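One chain, chain A, appears in both complexes that follow, with chain B as partner in the first and chain C in the second.
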Partner chain A sequence: MGLTPPFDWTGSVGTVTLGATAAEGGTRSVSYRIGGGTTLPLLPGGNPGHAPLVAFEICDDIKLWPAIALKACGNVTGDIAAWAKIAENTYQADVIRLYLTSTRQRNFSDFAKIKTTVRAVLDATTLPVIIEGSNEPAIDSEVFLACGEAGQGERLLLGTAEAGRYRSIAAAALAYNHGVIAQSPIDINLAKQLNILLREIGVPNNQIVIDPYTGTLGYGFEYSFSAMERIRFAALKGDADLAMPMICSAIDSLNIKEVRDANPAGQDRMAISWECYAGIAAAAAGAEIVCVRHPGSVALLKDTFSHLTPKSGGA
Partner chain B sequence: MVDVNTAVQSGSALLKKQMGSFAGSFGYEETAYHLPVSFALTGIAVHDPATAASAYAKMQDNPLIAQECLLAVKAGKAGREPAPYTGFIPDTVLRKLGYSLVDGSIIGLALLVGRPEKGSDAAGICRELQEKYMLTFLAGDIIASLTGNGVKVGLDYRLIPLGSTNAHGVHFVDIIARVAMMFGGVTPGDAGRLLTYAAERAKAIVFVFPGLSDEDLALVDAMRVLGFPIVSLGKYESGDWISASAEDAVRRGMEAKGIKVTVTAIPIPMGCSPAFEGKSIRKEEMYVEFGGGRSPAFELLQMKKKDEVTDGKITVIGPEITAMKEGSANPLAIIISVAGPAMKKDYEPVLERRIHNFVNYGEGSWHVAQRDLIWVRLSKEAVAKGVKIEHIGKLLASKFRMDFPSLIDAVSVTLITDRDKVLAAKRDAESVYAERDARIRGMKDSDVSIYYSCTLCQTFAPNHVCVITPERPALCGAISWLDGRIAYEISPAGANQPVEKGKAINEITGEYEGVNRFVKKASHGEVDRCSLYAVMEFPMTCCGCFECIALMLPEVNGIMVVHREFTGMTPSGMTFSTLAGTIGGGAQTPGFAGISKQYILSDRFLQAEGGIRRLVWMPSSLREELKSRLLKKLEEQGIPDFFDKIADETTAATIEDLSSFLAKVDHPALSMAPLI
Partner chain C sequence: MALKALDIYKILPKKNCKECGDPTCLTFAMKLAAGKGDINLCPYLDEQAKNVLGASTRPPIRLVKIGVGERVLPVGEEFVLYRHDKTFYHPPGILFGVKDTLPESGITSIVKRVRAERVTRVGMDLALNGIAVTNDSGSPGTFANAVAVVEKNADLPLILMSQDTGALAAALVHCGTYRPLIHAATPGNFREMCALAKQHGCPLAITVQGVDNLAVLADACVKEGVADLVLDPAPANLHEYVPVATAIRELAITRTAPDLGYPIFLDATRYFPEDAAIVLGIVKYASVIVTSPLSPAAVTSALTLRQNIYTDPQKPIQMNPGIYRIGNPGKEAPVFMTVNFSLTYFTLEGYLESTRTPCFMLLVDTEGLSVLTAVASGKLNETIVRDSIKKFNLESEVSHRKLIIPGYASPLSGRIEEQTGWKVLVGPRDAAEVGEFIEQVWKKEKPGTT
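Let's turn to the complex of A and B:
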């Protein structure tokens, strides 16, 4: 491009490994090292050559899942293994993100089933896997223990740690060597604080991925963008407590009224557009994993990212 | 009575003799850590007499290594002991135990060895440990004694029977050694880090009943090096052990190890978390407010004798929130008394400053500034949920105890809302503030090579860095150099860090290489240069808590100061709050500086711009407040008549008035070098 931006960064984004191949003690066909950037996202000369990863999100209880995603995926949604498989082989996702939505029902206690579900997904796909556990503190301990154990050796990414509840996830990450998603509500200071809390409990920086919390495009995304920008600046300016790669999931994209009320014939196109533009904006702000729920978004995002990403080292 | 030291010597000698007595290979299945204690301490993978001997020698004949080797040999020969004994705990089970420790579902570990004289005593101790979320390991006769008393043992009961002999207690140590390697990042052979990890992170206690052989005593006593308190319930005599009765054994052990059953929820009808710290309560959202220039308010934290503080006692003197009108400003005094063995008088101002954070932690409570300048608001939403004045006291008492467990044993809070009583108490508080200020007076910046930073306000102003020197307190006026030093002592990873002054770049403006280096890093690269004594060039950043603002008035070639309490217009054409909005947020604004009142009296005040002779205006109330001290200062400088040359709002309300006032009194600033 001939553009040499006049930055004088002193720091860089740390790297986090996602997934483990047989050589690394797991059973994945690929593992990713995300992070490592030494300048702003997508600029030449200073970002590792790989494009942001596209994660496809699936869940084990579809009650709360957006109808349009379920419709687009068809009848595999009832079978978690089949869903994971199609996400890898047909949708061509880079990563599978499993939401254990079953744990979100009242008085959930079937912790053995979590293990079977996690195992089923790991067996069905060869891709690295992200697991989203419970969001109820009372069962966190059991849920994350099950997730951690079921995925031992596979270098999962476990989510989602927040300032008030991070101990169980941290424990699972430490005991079974997984990564942790650390989420803060669009606030750089809280992001930093949570990273410090995780460090104090013993989770090293190279096992933490920041989730800045992503609003949907047009529904607060600009706040997320600004927080992400500042996180990236801080990392590049040498703040080790914020120098982690970021993950973004604008999960409300498929629930907004523009998509819900779209003309049925064009609804899929509308859904894909909203997901993809949010994803591209997130990548521009520094996201290294972008998550989507509509199958049609995967290929489009991957194609876009491949054009946006400068080749390694090239300026 | 058994003399532990003698027994340990004889036991160690016996162990040494046995170390030469075995042959063949040995080791445990289901672990990647060989004999974990030996492996962690020495890095040697012990599996035969030769490796055992070298590990033993490397650790100067440590009984832990001897017992571990001997037990492994014995287990190899005799096989696993029958249920309920667990014997060596495999790595997979240990991961789960470690998980519960990190997760917080268990808060510590205990080992019980020996033969209790009364089974019921041991059962009582176990029950207490279970209730306190401790994971308890058992070795030796105690297991039979417990089961004989109807106590159920097993992992589900958090009572783990390791083995039939006291020597099986060594598994307790191999568990901790493996937890350190698995979770603590301790590399095998790094004995120093292992010991630090065990002492600081592993919350472990050992309880010893009668009936231990000399070898057993050598083993148990050797655990002291890992920082485990040894609580004796038998007739053992050792200066390093704690003798206790069955009733107070658990309490004393936990106290010695500093294990606290933590309070996690504060019983008030609103959320309380650092997550709410940055949230402000706007006028429209506010139910009532206190201070902020609208009503008298102050806060004071003082240390008291232990018997003078009833822990958790909250007293409200005056009307409660229910008797206050919505939207009104009310008087408030927050008076906190603390007691604790490690507490020092010097720590008071540092802890007092935490009131600011803690009140802001409340979902519906908000706090700015400090001392007698505080401004507190409670939101409509919080009051609708039932929040009362009393709950602010509860919040403060709980947070102080939670955050300073090593300093504070007891906290009581008195909240006064009765106007006359607030005013009376405020007079006393002011004398305490004056006393604190006096303590630091007399110390010079050139006397020390270390200054202290304060980044407490980075939650509001992310790039703000205060550099606190003996002659320049933090801009909020609440933290002096001494306070910074103490805060750093109390919490070395906290918001006050030492700043190496380094080589002087300019003594007059107060620019130093070390300070610049620090500020650059702490401001996340935003600020490259910081002049400690300057307003015009590279002044310090401002958060928002400054007591006063110093700003240049180019029209009169001078600098004016306005303080937070002054709500009127200044000759700059801006009020304090407009100015504060312009310069705050962590920015460096040439021509403007946030300062403390105390700094006006410092010899370093405006040093870069020519000293106090540059001062042209300040509000009459500030002039009055500083008068006696300022006059003394000016006398020392040989300009006693200068005080009357400083204008205020009564003599010069506008810049034009100021200009003619200064000409009339022949103010020295008029003939000084141009500011710009």
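Let's turn to the complex of A and C:
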């Protein structure tokens, strides 16, 4: 019939490949090609590869991890390999995101341990892996080279590059052919600027995933939502420097008052709800990878995303 | 297409008579151009001029009011596809569905929840909006009784959901004067439904598959004399909701299809996961959302998401600069300096609370910029820190002279020390690490040293 929305897109979102199967030189059971949308998210053609992916976040030093997530995961949290395994087999995540929180202690220097940890996770899971390294310029170089080398051939996604510190991550990604997460503080112009900086030192667009920084629901989420919508709109209007897929992780979701102080009987439900409402909204704004820390959130998000993309036609 | 203010001005009488309530014809024209004026307020226009202006100056999506009185629910009157283009104006109503087959006690307890539940966030009370009674029994008498029970318990906006005009007529006896939304007219029954809506002065939801059919049905209802319409595109599957809602919104705001210029209705109970339907309704253009009686977790999340999305993005949310207390800090308590961007404030506040260490937060005015952007743009600098310490009289709050600054502000540490004479401790970049910082760094600082 006659009435169709008068969109006039001239661009599309580029693609980034996450993970490498044996045929692609790695050992993952699956690889994902994210991005490629030619219109708004969740419209036909908006998510052509597949539904948004759900990444489960784990860490190698649980001191800074939210107590609610630790409680929900039980006794595997002390064993990074077991944690990764349960995230794949029981929680049914699409991706594992490993935070090397151990590197965030003052004066961290055990770089050999980084390699062992990354390797242990890659051996424990068959899923593609995202590695969050240090956030301290003084040790970035050694941390990211260790990650890059340990994951050689696996097409990891390394995070997080920021305007002030991106060279070490970019160097590791280029040397070992991994992707890079480029994070900017909820600002489309800063996102674009960082992508240009990365391009100038040789990182191609198909190795960059944008992280516009996700404020938690109720704590600035609306800024992130609009930053994502604007980035997606710019990509569709032909701005190649913003035409990368996006990752969303509302990392403070399980630390906020509403969740921490919830009635104990309903606390898990509150935690899941808080992560998922932000995660689903982010997918509607254009996020292609949504990260969570509560196992229950994986199930609800996977259910949701499977219902948001019709089985046939790939829309 | 919309007319520009000057084009409208040419058609106006240019008398500056103020009878429309605006000081001049030009300001009235600007209001009309923004879709916020009512052409009928000008007493000097002939019918032809009104017709020319009316079609292009009324809001592209009609304002429809459901219910009456204190808790009336106004929806629609939106202008943009993306909130960052301007803002979204009328948050969607979230109404709990009540089956008419429930016993009276069951209905009453749901109604009481909707009336009483409040979520307080950033100084605002957020609430659910009303009740949608569904005619699951198929019986007009049972439906009317259920509506009567709801009415007895609360004066909330109501939706009457039934395909049976007899059941609706029976229910309207109890609540017809309170402007409930009638759901829903179809191509098969719209004449009878329009007659009911007209008789009671109620808004009417219309439903049919396909946006073209919706436009045709809306036009037919307007011709029957019902102008307050709500569109239910009734997507068969959840994945069809965002495409159809986006199409309706885009066709309406561009005035490509003025017959689609009405608020959108979403019955989230039809879809699985229901939470997903609620989220998509909130972020993508629904104005009326019917849900099952939700868990407290879902209510809190949904109301918070709605508040976030309907916050005006033109105003960055800023905190008032000043001194904020966590717990009951004493003279020796640490002072964390940070910016007045609300996201930064709430994040740091949350982590500081969880450390159970009483302390002060000194918020300096960076015009709502985050630490990183404020440092980069120079809005956060040693002078503003010095002036804030003086202005908010921090020296009288604590006996020490030590200031903890955000990790990302570390390049400023030397200059802040010079300007303020306070010792600067560089805190973590990530607020999550603030507990460890207090243990590892602050507690090792000897009291009394400056």
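Simple rule for what comes next: the second predicted complex is superposed on the first by the 301 of 315 C-alpha atoms of A that agree within 3 Å, B and C clash if a C-alpha of one lies under 4 Å from a C-alpha of the other, contacts with A are read in each partner's own complex, and residues count from 1 in each chain.
Criterion: a contact is a pair of C-beta atoms (placed from the backbone, for glycine too) under 8 Å apart; a residue touches a chain by one contact, two chains touch by 3 or more.
Since the structure is predicted, the reported quantities are computational estimates derived from the model, not experimental observations.
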item	value
Chain A as common anchor, with chain B and chain C clashing or fitting	clash
Which of chain B and chain C A:A84 touches, first, second, both or neither	neither
Partner chain(s) touched by A:F233 [first = chain B, second = chain C, both, neither]	both
Chain B versus chain C as contact partner of A:T10, first or second or both or neither	first
First, second, both or neither for A:N135, with chain B first and chain C second	second
Touched chain A residues, chain B compared with chain C	C
Which of chain B and chain C A:P185 touches, first, second, both or neither	both
Which of chain B and chain C A:L40 touches, first, second, both or neither	second
Identified clashing stretch of chain C versus chain B [146-154, 236-244, 254-262 or 380-388]	380-388
Intersection of the chain A residues that touch chain B with those that touch chain C	163, 185, 187, 190, 230, 233
Contact set on chain A toward chain C in their complex	1-7, 40-44, 63-64, 104-106, 135, 162-163, 185-187, 190, 215-223, 225-226, 229-230, 233, 251-252, 255-258, 260, 262-263, 266, 269-270, 272-274, 276-278, 280-281, 284-285, 300, 303-304, 307-310, 315
For the chain C and chain A complex, residues of the former touching the latter	82-84, 121, 210-212, 215, 237-239, 242-243, 246-247, 250-251, 254, 256-257, 260, 271-273, 275-276, 279-280, 282-284, 295-298, 300-302, 304-305, 307-309, 311, 313, 317, 341-343, 346-347, 350-351, 353-354, 370, 372-373, 376, 429-433, 436, 440
Residue numbers on chain A that touch chain B, as the complex places them	10, 141, 144-145, 148-149, 163-164, 167-168, 170-172, 174-176, 185, 187-190, 193, 201-202, 204, 230, 233-234, 237-239
Sites on chain B touched by chain A in the complex	95-96, 98-105, 182-185, 273-275, 278, 458-459, 462, 521, 524-526
